[in-house]
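Note that chain A is present in both complexes that follow, paired respectively with chain B and with chain C.
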Partner chain A sequence: MDETAPVGERGGIARRAGGHIMLGLLGLLCVFPIYWLYATSLRAPQDVYELSVLPWPLSLDSYADAMAKNDVAGMLLNTAIVAVLSALGQLLIGLLAAYAFAAWRFPLQRPLYLLFVGTWLVPFQATMLPNYALLGQLGLLETLAGVIIPTLCSTLGVLLLREHLMSFPKELLDAARMDGRSAWGILWTVVVPTLRPVLAALGILLAITAWNEYFWPAMVLQRSNAVIQLGLRSFMGTEGNDWGPLMATAGLACLPVFALYLFLQRHIVNAFVRSGLK
Partner chain B sequence: MRKAVSRIRLQRLTRRFGSVTAVDAVSLDVADGEFLVLLGPSGCGKSTLLRMIAGLLAPTEGRVLLGDADITDVPPRRRDLAMVFQSYALYPHLSVARNIGFPLRARGWSRAAIREKVAEVAAALDLTELLDRRPRELSGGQRQRVALGRALVRDPGAFLMDEPLSNLDAALRAGTRAEISALHKRLGATVVYVTHDQVEAMTMATRIALLDKGRLEQVGTPAEVYDEPASVFVARFLGSPAMNLIDATVAATAAGLAARAREVELPLGIDAETPERPVVLGVRPEHLAIAGQGAEGGIRAVVEAVENLGSEEVAHCRAGEARVSVRGPRPLGLRDGDRVRLTARPEHLHLFDADSGRRLAWRPAPVTTPA
Partner chain C sequence: MRPFLSTACAASALALTMLTAACGAGVGSTAPGDGQAAPVSKAPELGAGEKVSIVFESYNFGQAGAWTDTFNELIGAFHKAHPDITVTAQKPQGNSANPATDTISSLQSQMSVGKPPDVVQLGFSDLDFTVNQLKALPLDDLVGKDVVQKNFDGAKYPFAERARTLGDWNGKTYGVPFVFSTPMLYFNSALFEQAGLDPAKPPATWAEVAEAAKAIKEKTGKDGAYVDCLTKAAKDWCFQALVRSNGGRVISEDRTKLTFAEPQVTEVVTAMQAMVKDGAMPNRTQMQAVEAFARGDLGMILESSALQGTFAKGAGEKWKLGAAAMPGFEGKPAVPTNSGAALFVFAKEPAKQRAAWELITFLTSEQAYTTIATKIGYLPLRTGLVDDPAALKPWADANPYLKPNLEQLARMEPWVSMPGPNYLQIRDGMMEAVESAVFQGADPASTLTAKQGELAKLLPGGRG
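Entry: the complex of A and B
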C-alpha cells in the first residue's frame, strides 16, 4: 500500500484500478482522432479509406502530394509569422494595459477598465465587417499585416495579466521605486521577470489561437492560401475531399502546436493553476 | 562616508483617505544621526507617515524637508532615502547579490563597482556565503539581512524601516535588534523606524514619537516618554503591565494635596490649596509598595490574582472600582484574597486631566501684584 497516502485515503486496490481504467479510456477517446489523422496521412494513396488500425504499408506519398500541390513550407512560415507577431503584439499591449490598470492610479481608472472588459462581450461577428471595411480603406486586404493588426488588442490578455498583477506584492513595486527605478524601469526589471511564467503561458496560448485561426484569415486573404489553415481548403472540393494530402497538411499544421505544448506544458499548467488559486 | 545633512523635518503633514484622517498635522524634526522610532497601536498611521516621508504616498497637506530642501514633490527615486519593508520585498527572480546591487544598477554604476560594493556590504552583514541564492532559499532572518543590505548599499541620506523585525521569531528579533542598533551607531545614520512593539522602541530609539489615531501624542527620549507620559494614551501604551489609571479627585487635606478615590488616598507631596478637581491618577505597577496594615492612606486593595513572571511577580488587585496591579521581585508574599495596603512616593504619581487626558503639572500660582 501507499505509505504516504493520508489517513483514511487508502482506497481498495479494485477501486483505484477502476479509476485508472476509466481515465485511461477517456484519454484514448481524446487521442484517437489525432491518431487517425496521422494514420490516414501515412497510408498509401489507394489505402486512404482503409479502416485497419495500423497504417500498413507506410507511405509518405500523401506528404509529397501535398507539397507538390501547395507551397506548404511557405504557408507554414507565413502562419508562423502571423502567430508570433500576433502573440507578441497582444502580449505587449496586454502587459502595458494591465500594468497601468493594476499598478497605477489615474482618473477614471475603474470606468475605463469596465469599458475595456465590456469589449470582450462584443462578438467577433459584430466587429468583423467594420474591420474588413477599414482594412480595405487602408489597403491591407490580401496582406499578412491585415490578418495580424486587428487581433493585436486582446481583452483576454489584459484581463489575465491584470489579475496576476493585482496579486503582485505592492511592496515590491514600492521597493523598486525607492531603489531608483522609474515606472518604465520597474515594468522591465521587476514585473516582467517575475511574471515570466505567466507571460510564457499566455504567449503560447495566443500563438496557438492565432495559428489555428481560420475564419478571419479566410476573409482577409480571399485570393491566396497564404496561411496553412487556408491551404487545407484547397484539398476540399465539390466532388469530394482529397483525404491523403489533406490529412498530411493538417498533420504538419498540428506539429508546431504539439511541439510548443509538449515543450512548455508545465509552464502553461502552472500559470493557469496559479491564476486560479490566487 | 557620511553625508552632511540628513535631517528630516515634517511640517503639519496630513493624509486623508476619503473621510479617514490617517495622519493628522504631524510636525516632527528628526535630527541628523538620530534613531527616531514611530510607535503606536495598529492603524494609528505609522506606515502612512513613513510612506509620505519616502515619497510613496503624496500628503494631503504639509511639507517634508530633507536637509534644507523641500522634497514634498520629489519622486522617491530622487530622495536619497532607503527603505526596509515589513515583507522585505526582495525581488524573487534575482540572486542575493543582484538584490543588493539593484539600487546601484538603477543608478547606472559599473559592473565592477557594483560587485565591489556588494561584496563589502555582504561581508558586513555576514551574507557572503549566500550571494548566489534566491530569496526563497533563505530563512527569515537571512532575508531580513538582505533587505538591510539593499538599503545599506546606497549610503543613503537616511533609512526608513517599517516594522522590519515583525516577521522574525522572538530570539532572532532580540539579536537583530542589537545588530541594527550597532549598525546605527557605526554609521551614525539617520533612521526613522516604525514599530508597534514598545520593547523595540525603548531599546533602540534615541527618541520615540508616539502616534494615536494619526496624531502625535508625545516625542521624547525613551526615559522621558516612560517617566513623564504626556497623556493617558502614552501612559497606557508604554509599560507592561500598563500603568494603573484610577479616576480620582484632587483635594486639599491636612497633609497637603492628595488624590482621592474610593479606597484610595495618596498624598501628592504638595503643600498648597486648590479647588477640588477630577483627575486620572496614574502610578506604575513597579512603583507601588506593599505597606503594613496599620498605617493610614494609600490604596486599600484585595488581591485577585498573582502572576509569576519568573524573576518577578505581578499581583492584580481591586480597590473600589479600580483595578490595580503591583509588580515586584518574587515572591511578593501575596495570595488571592489577601487585603493589602499599597503606597507610592509622590514623585511617582502622575496626574492627567479627566477630560483631555493630558498630563497635569503643578505650578504654584505666581504672586500677582496689582498694576
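Entry: the complex of A and C
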C-alpha cells in the first residue's frame, strides 16, 4: 500500500497537470479573439490584413481614424447612460414586483406570476414590431428614451429577486410589521439591505447586457449612431469593411466592461452563478 | 405546477405563433402585381414659399467616413438650393452587418406603421418587388415622362444610354438609377511578374484566367484566382453576367420560367468547378477571398468595382493593383451586369412627392455626380463628365482603373430581379445550388436541375 501511494500521487499530479494544461489551452483559445481584436486595432492602416501574430510597427492611426469618423466619446457616454438607466429601471421594477409576489398574498397571484414567466418564452423579435409602433405613436423613435423604456421590465430580474425573497425569513418581515413599519418601509429598511449583494450582482449583469445591446438600438435609432454598438456597424458596408477603425472602436467598447470586471470581479462571477447563466 | 406551466407554455407558444403569423402578413402579402397599377395623379409643382419636409433613406448613411460625410454635404447643398424643402436623412433600420441588405425589411416595417420614407435607395435585385409589391410610385405619372427624360438628358451630360432604363418597369420609369458598379478583374501585378506573366496583358478569357491562376499557384505558392459570383453571399448579379457571357439566362425573357439548369448555365458552373478542382481557384468564402487579395495573397479576383478602394488601400506601397474588364468565354463577348441601386419615391402627399422628385433630380445632377465620384469613387452615370476638365477629367486621369469600368458601362445588361414575393428565396436558392456545385463538388447539371424544379414552385402562380 505504501509502495503504491506515491505512484497514485504521481498519477494524480500528472492528471492535475494535464487538466491545468487543458484549461490553459482553452483559456488561450477564449482570449485569442480578444487579443486579435486589439492586435488588429494597433496595426498600421496598410498592415491591417497582415496575419503576423505580433503587430509591428504599432500604430494608433486606427484609433485616430475611428475618432475622426465617429464621435466615439459621445457614443460611449450615451451607451453608459442607456446601460445605467436601463439596469436601474429593471432593478427597481424587478424589486417591486418580486416583493409583491414573494411577501404578499393576493388573488390570481400564481397565474400572474406564471404570465411573467411566460413572457420570457416570447422572443424579442415577436414583440419588436408592436413596441416599435408604440414608440412611433409616443414620438420616442430616434431618442435614447426610446431605447431604454421598452427594456425597463426584465423577467430575469423579477424571477431572480423573487426566488431570493422567497427564501427570506418570513419572521423578519412579521417582526417588522409588528414594529409598525409600513410595507414600503419594510422594503427599504429590511429587505433591500439584506438583498444588497444580489441587487449588486444583478445590476452588473443587466448593465453589461444593456451595454452590449445591438438589435433594439438598431431599430430605434435610424438617424444616428448614438450608441457604441451602432458605431461599430458604421465601419461595415457594401464597399467592404474598414477593419482598422472597426477593431479600434470595438476595443474601446470593451474597455468599460473590462474595467467593471476588474474592479467588481467577485460580484460579476456571483451574478452569473446566481442567475444560473454562463 | 407542472401541468399549469406546460399549459402556460402552450398558450405562450400559440400566442407567439399568432404574433409571428401576423407579422408575416405584412405589406408583402398584397396580391401579386403585374405592373399594371392604376396611374398615380401628377404631383403639382411646389408653390412659392411652400414648406415641405421629407425623409430620405439610404444605406450610404449607414457607413461612417466618406459615405456619410459626402451625402450630408449633398443634402446641405440641396438645402441651399431649395431652402423650403427640409430633408431628414436616415439609414435603413435593421441589424445586418451590411446596411444595404436591410433596405427592403426596413421599408416594410416603416410601411407597417404607415410612415414610409419619402425617397428610398433600393437595389436593382429588388426592382420587381419594389414596383409590384411595395408599390413604388411611377415617376412618369408623378412628374410626367418628359420631365423624367429631361432629367436623364441632364443640363449638359446625359446618363449612359444603358443606365437610363435600369429602373424601368413595363415601359414606365419607377426608379432613377443612382449608383452602381460592374464586375472587374482585379489582379496583383507583383504576383503576375513573379509567375512570369505580363501585367500589361491580363487574361481576357476564362481559359486564360485558369491558366494564369495555375501559373501563379505553382510559381509563387499564393492562390490563383477567385470569382466572387458563385456564392449565396455574393447574390446573383455577377453570376448573371457569367451566364449571359455564355449565351444563357437564369430566367426566361418573359420572366415566367427559371432557366438556370439549361446547358449554357451548367457549362459556366462546370467551368468554375473545374477551376476549384484544379487548384486554380481557392475554396474560400467571399470575405476570405477579398481579404486575401487585399493582403496580396491572391493573384486575381473578379469583383465589384465598388471594392476598388478596399483593394487600393490594401495594396498601398506593397504591391501594385491592376484592373481589367471582365473576361469572357472563348469566342463569345463578355456581358457585364450592374450591381447598385436606384432612387424610388414612396411619399404619400403630393407636396412631398414633388419635393422627393426635386431631391432625386439634385442627387443625380452633374454637380452631385462630380461630388460623389471624387469623394466616394462611385461611377458617374453621366459619363461625359469624365472628359470635362472642369468636372471629372482630372479625377479620371488620376484613376487608372476607371477606363475598363466605363467601357463596360456601354455594353452591360441589367441585373434581372426574380419575380413575385418569393424573389429572395428563388435568388438565394439558385445561388446555394451554384455554391454547392462549385465549392462543394456537387454535380452541376443534376444539382441545378433539382433546384430549378424546387424553386419553380415559388414563382408567381407556381409556374414551372
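Note that the second predicted complex is superposed on the first by the 258 of 278 C-alpha atoms of A that agree within 3 Å, B and C clash if a C-alpha of one lies under 4 Å from a C-alpha of the other, contacts with A are read in each partner's own complex, and residues count from 1 in each chain.
Criterion: a residue touches a chain if its C-beta (ideal position, glycine included) is under 8 Å from a C-beta of that chain, and two chains touch if they have at least 3 such contacts.
The structure displayed is predicted, hence computed values, not measured ones.
In this superposed model built on chain A, chain B and chain C occupy separate space and fit side by side. Contact with chain C, but none with chain B, is seen for A:69 once the two complexes are overlaid on the shared chain.
When the two complexes are overlaid on their common chain A, residue A:54 makes contact with neither chain B nor chain C. When both complexes are overlaid on chain A, the residue A:262 reaches neither chain B nor chain C. Taking chain A as the reference chain, the count of touched residues is higher for C when chain B and chain C are set side by side. Once the two complexes are overlaid on the shared chain, A:108 sits clear of chain B and of chain C alike.
In the superposition on chain A, A:177 makes contact with chain B only, not with chain C. In the superposed model, A:13 makes contact with neither chain B nor chain C. The angle formed at chain A by the C-alpha centres of chain B and chain C is 150 degrees to the nearest 10.
Once both structures are overlaid on their shared chain A, chain B and chain C have a minimum Cα-Cα separation of 19 Å. Common to the chain B and chain C interfaces on chain A is no residue.
Taken in their complex, chain C has these residues touching chain A: 4-5, 8-9, 11-13, 15-16, 19-20, 23, 57, 59, 62-65, 67-68, 88-95, 97-100, 106, 109, 112-113, 115, 290-291, 294-295, 306-307, 309-310, 313-314, 316-318.
Those residues of chain A that touch chain B in the shared complex are 169, 171-172, 174-182, 185, 189-190, 193-194, 196. Those residues of chain B whose C-beta lies close enough to touch chain A in the complex are 51, 54-56, 75-77, 81-83, 85-87, 89, 91-94, 102-103, 106-107, 150, 154. Per the touch definition, chain A reaches chain C in the complex via residues 45-46, 48-51, 69-70, 110, 114-115, 117-119, 121-123, 126-127, 129, 132-133, 136, 214-215, 218-219, 222-223, 225, 231, 233-242, 245.
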